[in-house]
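Below, subunit A partners subunit B and then partners subunit C, in two separate complexes.
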Partner chain A sequence: MQTEKLITPIAHAFPVGSVAWGVINGMQVVTRFVGSDEEEARKEFLGIADASFLGKFGVKGRNAAQWLQDQGIVVPEQPNSWAGNADGSLVLRLGGSEFLIENAPGGNLCEKLLKADAKPAGVYLVPHVEASFVLSGNAVQELFAEVCSIDLTRAALGVQEVVMTQFAGVSVVLMHQDLEGEARYRVWCDSSYGPYLWEVMAGIANEHSGGPIGIGNYFSAYK
Partner chain B sequence: MSARLARQKGEWVNRASTIKFSFEGKEFSGFEGDSITSALWASGEQVLGRSFKYHRPRGILSLANHDINVMVTDGMDTNIRGDVVPVAAGMALAAVNTDGGVKKDRSRLIDSISPLLPVGFYYKAFHTPKKMFPFWENIIRKAAGLGVVNFNYPRILKRKLHAHCDVLVIGGGATGLSAAYEAGKSGLRVVLVDENAQLGGSLGFDWGGSQESANLLQELLAKLESLPNVSLIAGAYAAGYYPDHLIPVVTREGITKVRAGSVIMASGAFEQPPVFRNNDIPGVMLGSAAQRLLHRYSVKPFSNGVVFTANDYGYRVAQDLLEAGIKLAAVVDLRSDAKDGPLAAQLARRGVKTIAGSCIYEVQANADKTGVKSVTVTEYDEKTNEALTRDKVTLECDGVAMCAGWAPAANLLYQAGTAMRYDYGVHQFVPNRLPAGIFAAGRVNGVYELAQKVQDGARAAAQALLHIGLDVPELPSVQPSTRAQSHAYPIVPHPKGKNFVDFDEDIQVKDFINAAKEGFDNIELMKRFTTVGMGPSQGKHSNMNAIRILARVRGVPVEQIGTTTSRPFFHPTPIGHLGGRGFHPHRLTPLHDVNHKLGAVFTDVGAWKRAAYYKVAGLGVADTVLAEVEAVRTKAGIIDSSSFGKIEVHGPDAALFLERFFTGNYIPQAVGSSRYTMLLDESGVVVDDGLAHCLAEDLFYLSSGTSNAAAVYREMQRWQQIWQLDIGLVNVTGAYAAINVAGPLARQVLSGLVNISLDDSALPAQSIRETEIAGVPVRLIRVAFVSDSTYELHIPTPQAAFVWERVMGAGQALGLKPFGTDAQRLLRLEMGHAMPGIDTDGLTNPYEISAEHAISLDKPDFIGKRSLQIIAKRPVKKTLVAFELDAGYAGEMPFECNLVIRQGEIEGRVTSIAYSRTIGRVIGFAYVAPEHSALGSRFQIRADSGALVNATVVSSQFLAMQK
Partner chain C sequence: MKLLTCPVNGTRPLSEFVFGGECRVPPAADCSDKVWADYVHNRHGAPGIKQEWWYHAPSGTWFIAERNTLTDQVIRTFLKGQEGKQ
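Coming up: the complex of A and B.
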């Protein structure tokens, strides 16, 4: 795959001119929206970053869990839960027999899995090109309260839970993760809804003194 | 002269902050925390509005958000409720519904001609003669309504939020606070909402001459403060009940939809007025309104008043008035047995006489009708419910506090499906059977005594906790009050009327009697004929009296009359609140920005934004579209088709799945080939169509139109649940973009980009190959939807823009042009392809669109087969035909959905129509009767103007016929 030909699915929602573009994992993304101090401040209130460049891999089928285990992947035991691999990659179990795996920052697990031996019967590849977001900050629950009708408070969400719900009318996958000393939420949605959902969430974030920030604020690998 | 009292404990006003504002052009001042009404009343202003129908002067009634005669505008907003909305600095207020101002309202003359406007007059006016309808409509439209809608009102964001709690308590009075505390002790999430600006309910104003209530309020609030898991929200009303304990809570800032584990309704009761002549003159107000004025705002309701009561509550009001230094001319009690009771004795000790078994027969207004001058008191016969006018006493006074009883604030209980019963002890409707997870406590439950309300709140909290699974002891139940808190019939007839039952709509006692005489003697019919309860306060102070009157007229018990239907929302709620932020989810193709740069004008197709056409300077839309079509017909065109549905079916049973799901044959289907798919529903109706491309024996790639993609995938999942075949379904609509290159030069455009042969022999029509363009993997499909020579490129979404640019670059010298959905629809029409959803509707079966070729009835089974076999035995009712208008037709252009008319009767409709420059005719599809579907048959289309346009049935092979 010639990854330099990739552009983030959220690109349409990004302002022209005032932001810094760069290439991460071969994908054109915005690496900085405002000055670093301001991005730090936004992050405290309600930061939102584009993580769509992180490689993704998906399989489903009755033998998918076994196949992943054979590849040395940690498989979450419960449906609608997630686990972390030692390299920091994420494994989300979407229902009983479908999995979404996302590379750790700087990792390449998904590419390895894609190239792995032919998939046995009952294992089907699922291409994943979702728009992907990182959210954090004091007001993140206020954002959730506006875009989602179900209870997403920390107490309700559980530790390793994956929630498939709707944000502002769009189907999303959501999980919570404590990483690099912070509480963060990860959100994935169909790439075609990416610009819309970004505009909605970034707009709400702005109202709470937050807003878009570069991914380097969350993953030190991209600072 | 100021009516403001000295500073007192618990008052809501901040005397350190003076607010200046104007009302009807006159300057006033109040304090921060004042409502508009309280600030005006404190300044001696008593005529605060005009009534809806008769334009009578009105003042305070409830001071509880039900004073709809005191609605004002600030020039920007309208129908602002003066009784509860805080006054703000700089407000320039005026009463709504006046013609010339509240004092000199020219419409006040209507009051003097009220006999000409009996109940239901407008229904009758509209009824006969019919020719007068426009005349009455004009008059009544002008007269109806209150404030004037400001169409320049700015859009102010009102958020709609979602919240979740274990226990939701509605009402922040003694009962609600007690319930919240008891529930909160569990550590669970408890939310209490109350519509008033401050918590406390009646504890904050109904003191009855002692400090017991005020002290209890402080005590409960202090206890609740120690529970961080309890959220107390004032200024928030629970607006309705929806299934699964979903309650929208409305504040000035927006709506929060609260989902609760259990709900405690401690919503209290609305005080009900006694009905007597001129009970609407400014200065006549509910007893609780007088108390609110006294204790919330420290304002005297009047200086020398009369309390007219029909229950014990009036004596509490009297005590509060006396404590505030207000003179009382008398307490008039409708009940004959009140004279010797302890309450009357207490008042007597303070020098106030009680006139028992009597009523206020009428109120006399002062000279300019701005207030009360005196009241006439007579004896009242409780058996006949008549005033005995032989001995009249006139009492000079400047105000009346009236107390007749209560109506439970049970709106949400009704909405939740609570069965109510009429309790003859307390004389009130109380819950009889509550839905699971909902608990009622306090006055709404018929419990009135203070200690009992606290106990009832705790009892409800224990039940709420038990409901959500906590192991807590159940507390003893509290019975409704055995002493009547409401009078069974607090109505004083008067030959001159103006004894108002409904203050919103100016409905008098005689209106109900006349309505019943005219046959409207069912509560729902009476409501609609008299309009009782249909004003902005929705009958909160009138429905109960209306029920009592109707029961009396019909001679049946109150419970046989029943109540009207309670619907959300509890109070009128601004449209902006309901709109909220306004989410409009939409999908963009990965080529959206590319299209935009090319001048695309977008249109909505399902959830997608698609390019309708590409603007060309100096060309109109129609010519632009025709030019795009021409490019495809003569050279090559390119269209972004990324919104097409795309689904992969994996697994050894993939072909079998298709065999069952669609109408055609897929066992076997050669790898690399494509076949037409038609999907029916179980009743044999055409749902969708598309193509099935066989990539491997165990992998089919399905493509379909934009609009139905998600629904088709859901249906596949549903059937797979039933069939349990060895397959895997993957919806890849978002994962793959699609680009179509069509036209005679399409092959030439692509041939240098791909590493496979595009010759007809190597890539015939209806085939698929996997290849690459500049290293990007591509599924290349040969289709014939818009042109015989069309290539569809399916590529990973993130690389779509890259591939598009490559193709555009390759086609530049060959005249490759982008085309949009407008041209696409014309192109497919020229190709003679009917489209499900456009040329079919929710009833169309395959035989009606001549799609027999797509059906394999010899298969064991497929969705809709059984229905189709039945349908096949019946005669076809309509047939989709291709048609053209006469050569050179230049008249009015018919549109889609215009009717096919034959001999004055509707025979069918046009489903698609457009002018084709390629064909040189207007062409289209239409439904006609089967017997008129033969080639060459003529029919007529009725255009929008009514003109009939001739059309001829032709072959759908428009292009082939052209050749």
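Coming up: the complex of A and C.
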């Protein structure tokens, strides 16, 4: 259960004093880094936002896919692919029988799944507390080229593909999504590497006239 | 940049992988002490085509690579139990 004692795993990377903090989904997060006009400008070039507060739910096992379907969840057919539910939540198939589900902004699907009836044999819960990022902008491919060795252009990525690779030496899960009329990338990494990866990516974003922005710039539910 | 092909995630830089040692088949449980000691303590170090365990760290995938340790040429990679499917 989340309480207000939770703080984003990226907190140590944030500057003290000059940013506005708030509580989203029971987690203390930075809601604004600079003025709204400047954040809009950053987003145009290369915006990076912290989405670690979105609830996550993990499940694996030989019967995990069937159990999720029984709960009314859309299950991606192929490993390393993702699907979106009608409510906007994401379902990532991380392997043949392992799934990561992330709440839609303002949603509570993961909490419902946690409270669902006893899991049958062959269904095992996997705790997920990753640091999570949203990236977008004209220079996002330049950032990827600096931190990653593989081609992450949209042409190289399949439509619903999930990529597991490394950014600046840190293992990450990445996917591309068109949402609210714009192209975005989502990145998850182990929460203990969150501050490091944030500093690396935000530093590169600054070099491209972008930088950190509040999550409200991406999800209208948090404006 | 050296590349290795994970059977699940595709071709990636070698920096994403961890070497897991030679893929060796243990002798039968009722083997002699001499055979077991040979399995535990001795390795065949001569270069040639060998099967090795490799781990793709970002996805947590263990797989087997068949590699010529003399030329460092990787002949094929496959998941354990799926050798015949390659």
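The criterion applied here is as follows: the second predicted complex is superposed on the first by the 222 of 223 C-alpha atoms of A that agree within 3 Å, B and C clash if a C-alpha of one lies under 4 Å from a C-alpha of the other, contacts with A are read in each partner's own complex, and residues count from 1 in each chain.
Simple rule for what comes next: a contact is a pair of C-beta atoms (placed from the backbone, for glycine too) under 8 Å apart; a residue touches a chain by one contact, two chains touch by 3 or more.
Bear in mind that the values here come from a model prediction, so they are computed numbers and not experimental data.
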Partner touching more residues of subunit A, subunit B vs subunit C, is chain B
Message: Just checking: does A:His128 make contact with subunit B only, subunit C only, both, or neither of them? Give me first, second, both or neither.
response: first
Just subunit B (first), just subunit C (second), both, or neither: which does A:Leu94 touch? second
| task | Report for A:Pro79: first if it touches subunit B alone, second if subunit C alone, otherwise both or neither. | result | second
- Can A:Met164 be said to touch subunit B (first), subunit C (second), both, or neither? second
Open item on the list: For A:Gly61 in the superposed arrangement: first (subunit B), second (subunit C), both or neither?
Closed with: first
Thinking of the overlay built on chain A, is A:Pro15 touched by subunit B (first), by subunit C (second), by both, or by neither? neither
Looking at the overlay, does A:Val172 come into contact with subunit B only (first), subunit C only (second), both, or neither? second
Next on the checklist: Contacts for A:Ser149 in the overlay, against subunit B (first) and subunit C (second): which applies, first, second, both or neither?
Outcome noted: both
After superposition on chain A, the subunit A residues reached by both subunit B and subunit C are 149-150, 169
Counting only contacts in the complex, subunit C reaches subunit A at residues 1, 8-9, 12-13, 15-16, 56-61
Per the touch rule, the subunit B residues reaching subunit A in their complex are 159-164, 256-257, 259, 581, 583-590, 592-593, 608, 642, 648, 650-652, 726, 728, 730, 732-736, 774-777, 796-799, 801-802
Subunit C partner, complex, touching residues on subunit A are 79-80, 94-95, 149-150, 163-166, 169, 171-173
Residue positions on subunit A within touch of subunit B in the complex are 1-2, 5-9, 11-12, 27, 60-61, 121-122, 124-130, 142, 145-151, 153, 156, 168-170, 190-196, 200
